[in-house]
């Protein structure tokens, strides 16, 4: 099997993880180029991972003929343009979410993808590649829990990261766009259906700083989907125990809970705190293997000439829904889709 | 300490449990009289529990001078009248929920209670007397979880009781009034606050029979409370695993979960189903000791000349809220309080 | 049904619990007399519980004609004599373990019991009356786990009670006689078989004070039983998390674990310690309802003229086995029965 | 960094996993050669993994000059000879356990390793590379649980693999050598101490076929270690729930439990079996990432010119202990080391 040569842009925490994964853990792939504005970090990382080509310009990187594909882990505001440019340059594209920072941008990305149907395009909804979520999804699709009644999903960041979250609050798009998008994606994936109404709530329970951006530190929404299923989502920045992503799907014949305890590992500690499990600290710890699985799938899609299960339209749809949630939250009223 | 002589009316499942508890497990109390229309059952039970006086008429029972108090476990439609009559006859009154089947009836009950301020009146919100709920409540009141952010509570009846639920559906008042009232009571008790808006959803996911009563077999609602806390309630009739009453209170500094696994006991089974816990089958199994604790508290209130923490106004308020939830569900729209 | 009038001796922690239970929670029973050398405590307790007769002399108490039965919660060294005296006085006898402080004393107790076969005699192996243990026992007896392979049982006292344990160490008989007896009783009850060999180990891991009594602060033993089952018991004084009594029965077709997490209640706490359960603090918290159930069974045995499932011979056998464990520990060698 | 070229021998289940890991998941490594007697399997695997050199003869493989190292996943009886031959040929050696099928063979292996001190030698005690075991080990070494009191470890294979286990029983060396060796290794690793006495027990509880090899289908042993710690090991072939490897370390200040529920993933299922976790099915599912981690460490040792933490002497010592356990089991008596 041939080797897919990938150029990756962005060396933030997640970008760094993607780069390391491509360089060392993805079969049939090679990290051929790296791009970042921070020259020091770029060189150190490229040296460490044995990467041939280094760029401070994305445009220059995608001009590199030997590249088969790019991995976008750049700031959200650049995604749409970079997707279009890379596709136009004939590259396959893996992009971190979101597709764009507005629904209009998402639509532009759709057009770019449609114009290059022979290129693989994949969006980084990594939870779909987590082994526990995949296992649960298979059971739901097989009808093991009957008809879905309630889909509940939480995304909570630990309180200890609050300073970063506040610093980033003006650019994040708010809890629904920054955090709940993954839960929205899961809801659509598990339910095979679209929302028809939403009521969003929330507030600044610990950190009034979010208020200036019309955001809260903790928010939630209740949606009804077209297949009648109820969907309750909760996103928060103040989890006392760790990075908590949990999902429950209540069906008429069975219930599945994924990660209702966000355990760090299989160690149970019995001490003066009682019997306890330590928790995952961040998304890299919790979803480390999902990030590998998704890029591996991207590479196989290229090798086998097929498109991944998650499409550009999923990206747009999730953004549209998240914006509607945000609007409901800001207006403090129920909205219809 | 003197002995409180109690007459109990109604020998359904819960009434029978109350009768047995009063006769055998409540300190400083005596089951002095029993009342039920089913003569056979009445006599058998009275014989077994050594009860002196037996009545088919509630009016005759409360005319019995030696009675100090009554316990009402009669059909819901009789509660308001029986509360008023018993108080008028000078008896202390413990009544099962609801206070009345309409908000107007609840207001009548309020008047009766106000007119007899020297009598103890208590409503059967037994979850407040469950040891785990009491333990959690104490922690929340002590500020251990910081400011409450999200209160989530489920009340699920096992699917295996569905025939009874369908048969009773025309008289139950619907999921919000029949089941979610306990969760509404808990929300108010834990949050010390009142709802300001509600969006309710749901449907008939497995049993269309509920539809003819404008009810669903599974429903939920999202409320905002005056203290900003979000409240998500879910009530269902199709739990595959057992009788499931669970509550989560997410605060800015800690999170408490009560009975997130509705374990039957402390036995864990490892077999070809994996590692599993069997579950509670019904409310009597789960809340057996709560029913004892609440009547014991009622008796102490009488002996010590004080009123219980849960008042007649709590009963009215919970009914008002449940009716608003029901209205939101039927109209399929968000409502304000 | 008639009321059984019981006199109880000993007002230590467990004696006090028995007295309260008999006075207030046991059906068809009355706490008619109390006996203790501490006059103040005796009077306060008798007043509080409404007990008519008070004694500082056990002999005088059993001379009280109206008494049907006695409950012995006196120091272990008095059990054998008090059993014999009470039976000779025509009383039914419930005695806390042990039957006697030597095997010879146990044999004397056997003779006393045999000489009064029309009197009910019961020994306080309360774990047999715990709902979880009863539930597990029923499953094992029904063959649900197949043939028993390994029986593992722990009895751990919290480190925080270590001062009392050290003070009492000279009189306790050591870990095997003081703590492991309950596990030995369970092993015989679950396996319906007797040990054929034992190897005991242990040491003073944290508290050298136990060494002067040839005892350890933590000990264990491995036994083979006649039915081939392996039995591993562990008893310790230094549990960091609470009062831990757990049992596992591995069978060829299923495995049961009882209380592998000694949870205080159904509350789960999520905070900076992770996700945790607080633990039981002591035997009264863990086995509160077992103490009630066992006395209730004692009373029903009297009322129905039958003997309880646990016999005087169980008491002797358990002591013999515990002494053999102790001998193996002291000699540091394997012994045969 | 240079790439370590590895030749792997043996394409049984574990050998196949090693080959795939080396070919695709190990950094700085290349699967350069494969060796197996089954030509079809050899070719299919080599094709799939892009392996240049294929051998049916181990001697020929190690004659390949470009090879830096070998991975031995051949039948146990060949290990000692292959270790010696590969080292003599100048290769670094990773060998699956055991070092040899007798203690004498282990000593031979020691000599071979000593004679080639500049070559890296590593034995496949993969549990030391499991993230949960590593996390627990770090805590124990840091003194977080105080002085170790009891080390308990189980290795249970699922009943559904019993046919294979019976077929292999004549060659396995018995439960202690085949299964408990990993627990023995863990005990020594966690306790930094050696056993001084052992009492082993067991029997054929479900499958008499093991009896002809003087083996049992379930066995256990209780050891005392030089640091006074008690060690209880259990190994069985009839686990009803899955592949169960669990360990508990009780210390004077804390207790750690690793994998007390051998959960397959983070999915919890609520259905008519109650609330349950499905379990790991086999060692590859449970220890998949440990097998990667250990080979990665082997490669880093070669690159960095150092020896791994687990030495050839650990291999011999574990075998000696396992043989002593086996002897104690066969003689049914306690033995000293």
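As written, the chain order gives the labels A, B, C and D, with residue 1 at the start of each chain.
In the analysis below, contacts are C-beta pairs under 8 Å (C-beta built on N, C-alpha and C of every residue); 3 or more make two chains touch, one makes a residue touch a chain.
Quick caveat: nothing in here was measured; it's all calculated off a predicted structure.
For the pairs C-D and A-D, the count of C-beta pairs in contact is higher at C-D. We define each chain's centre as the mean of its Cα atoms; on that basis subunit C and subunit D are separated by 43 Å. The distance from the centre of subunit A to the centre of subunit C, each centre being the mean of the chain's C-alpha atoms, comes to 56 Å. Inter-chain spacing, taken between the CA centroids of subunit A and subunit D, is 37 Å.
Counting partners per residue, subunit B has 239-241, 253-255, 260, 263-264, 269-271 as the residues that reach two or more other chains.
If the chains shown are joined wherever they touch, the resulting network links each chain directly to all the rest. For subunit A in complex with subunit C, the residues that touch the partner chain are 239-242, 244, 261-264, 269-279. On the side of subunit A, the complex with subunit B involves touching residues 146-147, 149-150, 159, 197, 199, 201-203, 205-206, 218, 220-222, 224, 228, 230, 232, 234, 236, 238-241, 250-255, 260, 332-334.
Within the complex formed with subunit A, the residues of subunit D that make contact are 1, 24-25, 27, 50, 131-132, 135-136, 139, 145, 253-260, 263-271.
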